[in-house]
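Letters A, B, C, D, E and F name the chains as they come in the text, with residue numbers starting at 1 for each one.
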Amino acid sequence: MATRGAEQGRTDGRSDDEIRPVRLHAGVLNNAHGSAYIEWGKNKIMVGVYGPRRPSRQEPLRSDRALVRCTYNMAPFSVSDRKRPGRDRRSLEISKVLSEALTNAVLVERFPRTVIDVNVEVLEADAGTRCAALTAASVALADAGLQMRGLVSACAVGVVDGRIVLDPSRDEDNFGDGDMPVGILPSSGEIVLLQMDGALGPDQFGEALDLGVEACRRIHVLQRDALFVRYGQERASRIEKPHFSGYGDMDTIIMDDEADPPVWGEEAIR
Amino acid sequence: MATRGAEQGRTDGRSDDEIRPVRLHAGVLNNAHGSAYIEWGKNKIMVGVYGPRRPSRQEPLRSDRALVRCTYNMAPFSVSDRKRPGRDRRSLEISKVLSEALTNAVLVERFPRTVIDVNVEVLEADAGTRCAALTAASVALADAGLQMRGLVSACAVGVVDGRIVLDPSRDEDNFGDGDMPVGILPSSGEIVLLQMDGALGPDQFGEALDLGVEACRRIHVLQRDALFVRYGQERASRIEKPHFSGYGDMDTIIMDDEADPPVWGEEAIR
Amino acid sequence: MATRGAEQGRTDGRSDDEIRPVRLHAGVLNNAHGSAYIEWGKNKIMVGVYGPRRPSRQEPLRSDRALVRCTYNMAPFSVSDRKRPGRDRRSLEISKVLSEALTNAVLVERFPRTVIDVNVEVLEADAGTRCAALTAASVALADAGLQMRGLVSACAVGVVDGRIVLDPSRDEDNFGDGDMPVGILPSSGEIVLLQMDGALGPDQFGEALDLGVEACRRIHVLQRDALFVRYGQERASRIEKPHFSGYGDMDTIIMDDEADPPVWGEEAIR
Amino acid sequence: MSRDPETIMRSQMVRDLIGTGRRRDDRSLGQMRPLVVETDVIAQADGSARVRLGGTELVVGAKLMPSSPYPDHPDEGVMHTGIRLSPLASPSFDRDMDAEATEIARVVDRGIRHSGMIDMKHLCISPGERVWGLYLDIHVLDHDGNLFDASTLGIVLSLRGLAFPNSRFGMGEDRPVPLGEMPVTLTFAKVAGELILDPTAEEEGVSDGRITMTIDPRGWVRAVQLGGCGHFTLEEVKRAHQLARSSAEVVRGSLR
Amino acid sequence: MSRDPETIMRSQMVRDLIGTGRRRDDRSLGQMRPLVVETDVIAQADGSARVRLGGTELVVGAKLMPSSPYPDHPDEGVMHTGIRLSPLASPSFDRDMDAEATEIARVVDRGIRHSGMIDMKHLCISPGERVWGLYLDIHVLDHDGNLFDASTLGIVLSLRGLAFPNSRFGMGEDRPVPLGEMPVTLTFAKVAGELILDPTAEEEGVSDGRITMTIDPRGWVRAVQLGGCGHFTLEEVKRAHQLARSSAEVVRGSLR
Amino acid sequence: MSRDPETIMRSQMVRDLIGTGRRRDDRSLGQMRPLVVETDVIAQADGSARVRLGGTELVVGAKLMPSSPYPDHPDEGVMHTGIRLSPLASPSFDRDMDAEATEIARVVDRGIRHSGMIDMKHLCISPGERVWGLYLDIHVLDHDGNLFDASTLGIVLSLRGLAFPNSRFGMGEDRPVPLGEMPVTLTFAKVAGELILDPTAEEEGVSDGRITMTIDPRGWVRAVQLGGCGHFTLEEVKRAHQLARSSAEVVRGSLR
């Protein structure tokens, strides 16, 4: 694929269509029914899935499908100024859009009157947390053995100095002109997460969208790799499973567009 | 009726026993089972009723009657300094006394184990909101087709410079010596709302009470008119129903003590 | 018992192993199923017990035993600076440790799927409230006629100027080097409340613990006396029951180590 | 909330008795229950009182804390009245009591505030900058009806002897807070068409409403609150007013 | 949340009709409902508007209050957008609506903010010290779908005629707040594979998702939000974008 | 909360095994689980650590923020310890965990505070005006028992290498925070009459109580907490104290 806009340069030296390094691991927690850990640039996010299950508190259920209930939470130490613990408006909105996007990923009709809890814990935040969380969450859902329509893959597109760039960093997000997180179901090509704020010219919108969708497909390869490592080879045992930092023996998946990914049908997991 | 105390004058030029202009409309909302909109002086209040129904959340019901659950809420823009959204102590108390007063209006024994929700939204406040809300709420209950013991009519009495005045304005309320909201069931003459704070001399109390009760009967006429407009002539269709501001075709009921109101039994509504 | 450390003196003139004056009354409230009032130094605490009962709100119960649910609350006027009403972290922790300690006192297995509510209201606080509350709470549980394994008796031990002292006062607590509340089941000798913070040398820990356990046994005598006054003589009628202040006719139990307490089996109460 | 036959019969009995002018505790319809009071019961408070009105018992603590004035009243102190309906005071308090607690606190507050027992200008320290905040906290320990009247009594008694805690805040010597005359709050329940003073919890439970009035020493009405889904005729309200005025004198006399 | 046979049949009917290019209220798929607007409806607000979009009705009040700037933007005012989904507006609002309310408020806020209709620098009073806080409060009175578009309309109209309330705060004479061009928000639901503009509550209920776009006068996209468990093909999103641009011109024209 | 036969049998098995001096994971009764630690895992924190103690895993982040001192300690920094029992860490965390979380945070805080590992006077910037606020936030990711000991370990490790972030606040160069020796927290569960160190969640579930002690380098006790409806004989508590002292040395040695 052609490298776009590399001549102008970005603050971290990436070309305009380059995604930050991503490391993604499935099945990293003991208790959660399914889990995934992602490092995406400096973002560090843990996702744990429980369900389908009956909730312990009484609450409205759906008679025709499972409720996917995502809770996005940021650790107090995840950002520069300590964040006060607890729910705020931003995390409430992100929880809602992630819940809705993930509802498309799971065959929710198969689990009526249940809840599937997807808990997202942002340990370190560096722009693009919702895309990283969504990417990891669908891997965690697959790790939980849920019957799925497909994984959801996500990546943000930004506008910096009038240029469309992929996966904006924190500086580019803060001082850029726009941010558009995109999440797709690669199995069908459908878009299930799309938000945007800032400014996109009439022609830029389509261009940004195309770039975002293409990036999601690259992310999808990493998701399949992570599940392959977890289930294909079984070399990562429950005890000695990969973790989120620099242990020598850790299975680290560095993004590599050239790699030929193993064929993997995530619909058939477990 | 004799005009009392007109010689001293009031800040807005009313005589002491004069009520501010009142406009009252029934059936102004599409979704609510019953609704009413009132403009009383500069007060603007919308009331919507749902019920009798089973509440969606689990909560204690009464096996012998319906619970009338009034929620009084002020819009943030309804007062001079922006009001923080959410429940406060004042609105909690008003919600309670309105709920209790309205319980007398509805034949609650006919709807055991249900809830009747009366939602009061104060869009603009200018003294006397609880009386205006109560007046509109009982019209909204009638509009919902609930079997009723009668409407509740309300009006406040104030003390300004030692004089008893009807329906004090905001200035009179802030700088006056007392405020006494009165609400009655005109069908039986019983008092169902009575609060007071300030100072009323031993003889003034009875005088103020008499004046308030008499004013409630005047308000009652307006309530019957509003229901007559809504149901008697059916000239206000569901789609082109009257609204709360100066549309040319709006049915506006200006208070007029001399008018001979149509005979109307609110007990027989629907 | 020898008076330890009396030569150094304490701010309030007590010897190191001397407990502040304690007055304890059982059955002081009309509505509560069981109640107790304690004055311990300047601490004034009321405890009321309800249960075993089904809670009015839906909540998780235990199929094998009753839940003992203690709520420790401080009145806004109980401390020097007015305390904001409502739950705080300190009261939440104290409520939890008191609940757990009292679970040992009651034969909870006899009341499955119920809740026993123990409400502690601290009217005046002066160091050592949790021990005083626990002492009174178990008397209130006995007063409620619950089948019990035994009373729980409690007293704190402190470290002041390197010396182990019993029942530290507020000054000693604020400026001392350590505080260790101890609560025991005198019937079995088991320790059911133990917290500590500050500094206790390797040998001091055991010494402090021994002293605390011994003090609990002294407190136990007072608890039995209070129940004897309430049930043994029936001289305190339901109407003219003892109260928490200086009425002339009040039955006041001043702590007295030498007194020969009446034999009393609290296990057999009611 | 369901009503079993026994409860219904018992309610009927209470009503019938009152219909004949009598009450279960042998009081006359216009009689208050025995009142036992004590002041200065809480050393940490700047004023405090304990009130036992029949089977109803509560403690009030008053505290003065330096505070900021409201911008529109720069030379007046601020006053806050709160109440805790502790779950230990009644089995019926095992649920959200916010609406009930708020109503009581606000009605009692209005009676105290408008009676002029405390002149808010006396609570000014430095106009526009610093005033005393007066916190009146009511703590209910046993609920057997009529919390309104007992609460006002508790506050009034806690105010007697209230002193500015100047020494605690490095502002010189403590000195007493000047006080006006005390207001009295009187509550009537309507049962079987009769107005009964100082209702018990049982009487409140069978009543057709409640009316509460706060009366100052000159006989002026300072606060009124009708509640409990009450419906009173005009004559009943006026009669309650007359009864409240005469009863206020009795209470005032007994506490002088 | 259970779906009875009647509801299922009704839903199918709505879908089938849209599949043939028609809607229950006889609109074309790309047509908005009748819009009735009125401004300056709330005297206490510094700007206000009432919007009736078909059966959806809401009031917006804008208020300016002196406030402190954020440390990282010392010369800019602050803006807060809130929404009340009053229980009177829909039987479905009889539960916690926090997530829905927050999403609408934030999406609408982003569209207004990024469109530049209000330059936050114009809201500066004294850099680093005092700025105007602009509070935009949306009050929903009747909910028949598409609260996003109606909310943006209400805010835009409440801003027209917004004046700095200098006199209220002793800062001289009131003067109008300079405004840029208005943004327009357009929402499409996907039903039976079709994109329909300005969906009713019933249409939202049977849809396979929702896409909301805010378009500025130059045709630039200022905010996008996909929701409602939506799944849209790339082509559908691009088509929504084209439709939004042309529809924005229609709305803008009708409100000029 | 109902206990099915399988759970009862399994509990009995765990108990019986411990009664014979063995544990399901083949540890001895006084042995801790394998401990894996890593520091500086969160770049945004001023100090951070990750701890894996058997199947329990948590991350601690320490942050320093300029703050105001308490009036009664004008020359000391302030410290706050918080914990998040994230629902992803255990199926049993799908409910209100406030009481549990508060207890852990407060007990761990007391141990750290009283051990003197951080002298609060070192956190003073300008006496009476500005001090450092030290925020210690524990984030539990996997719960397999003994959160007390793992939390203290996480905090201690996050403090090692903690630096004053002077540069972030325009106060000159960053410099390390002076540290004293580390405390160690040891928790024992009582099962079948035996004291077992570092219990798993399963062992906690069948235990007759829990006792937690924080020991400083001189062997002094700095915090104790008995919990879990525990009932311990005097001898058991004293034995726990002895075991804690010796175990603390082992842990301390392994982390030096």
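By our rule, a contact is a pair of C-beta atoms (placed from the backbone, for glycine too) under 8 Å apart; a residue touches a chain by one contact, two chains touch by 3 or more.
Remember, predicted model here, so these are calculated numbers, not experimental data.
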item: For subunit B, the least number of touch steps when starting out from subunit A; value: 2
item: Least step count from subunit C to subunit E, where 1 means the two chains touch; value: 3
item: Remotest chain, subunit A as reference, centres from CA atoms; value: D
item: Chain at maximum distance from subunit C, centres defined as averaged CA atoms; value: E
item: Rounded Å distance between subunit B and subunit F, as computed from the means of their C-alpha atoms; value: 59
item: Averaged-CA centre spacing for the pair subunit D and subunit C, given as whole angstrom; value: 32
item: Intercentroid distance (Cα basis), subunit F paired with subunit D, Å; value: 49
item: Sequence positions of subunit A contacting 2 or more other chains; value: 56, 58, 60
item: Sequence positions of subunit D contacting 2 or more other chains; value: 95
item: Overall pattern in which the protein chains touch one another (line/ring/star/complete/other); value: ring
item: Ring topology as an ordered chain list, initiated at subunit A and continued via subunit F; value: A, F, C, D, B, E
item: Subunit B-facing residues of subunit D, complex; value: 1-3, 95, 98-100, 102-103, 105-106, 110-111, 113-114, 211, 216, 219-234, 237-238, 241, 245
item: Residues of subunit E that touch subunit B when the two form their complex; value: 38, 41-45, 48, 50, 52, 55, 57, 59, 61-63, 65, 82, 84, 86-91, 94-95, 135, 137, 139, 141-144, 168
item: Of subunit C, residues touching subunit D in the complex; value: 29-32, 35, 42, 44, 46-50, 53, 55-57, 71, 73, 75-82, 85, 117, 119, 121, 123-125, 243-247
item: Touch list for subunit C against partner subunit F, complex; value: 60-64, 89-90, 92-93, 95-97, 100-101, 103-104, 180, 185, 188-202, 205-206, 209-210, 213
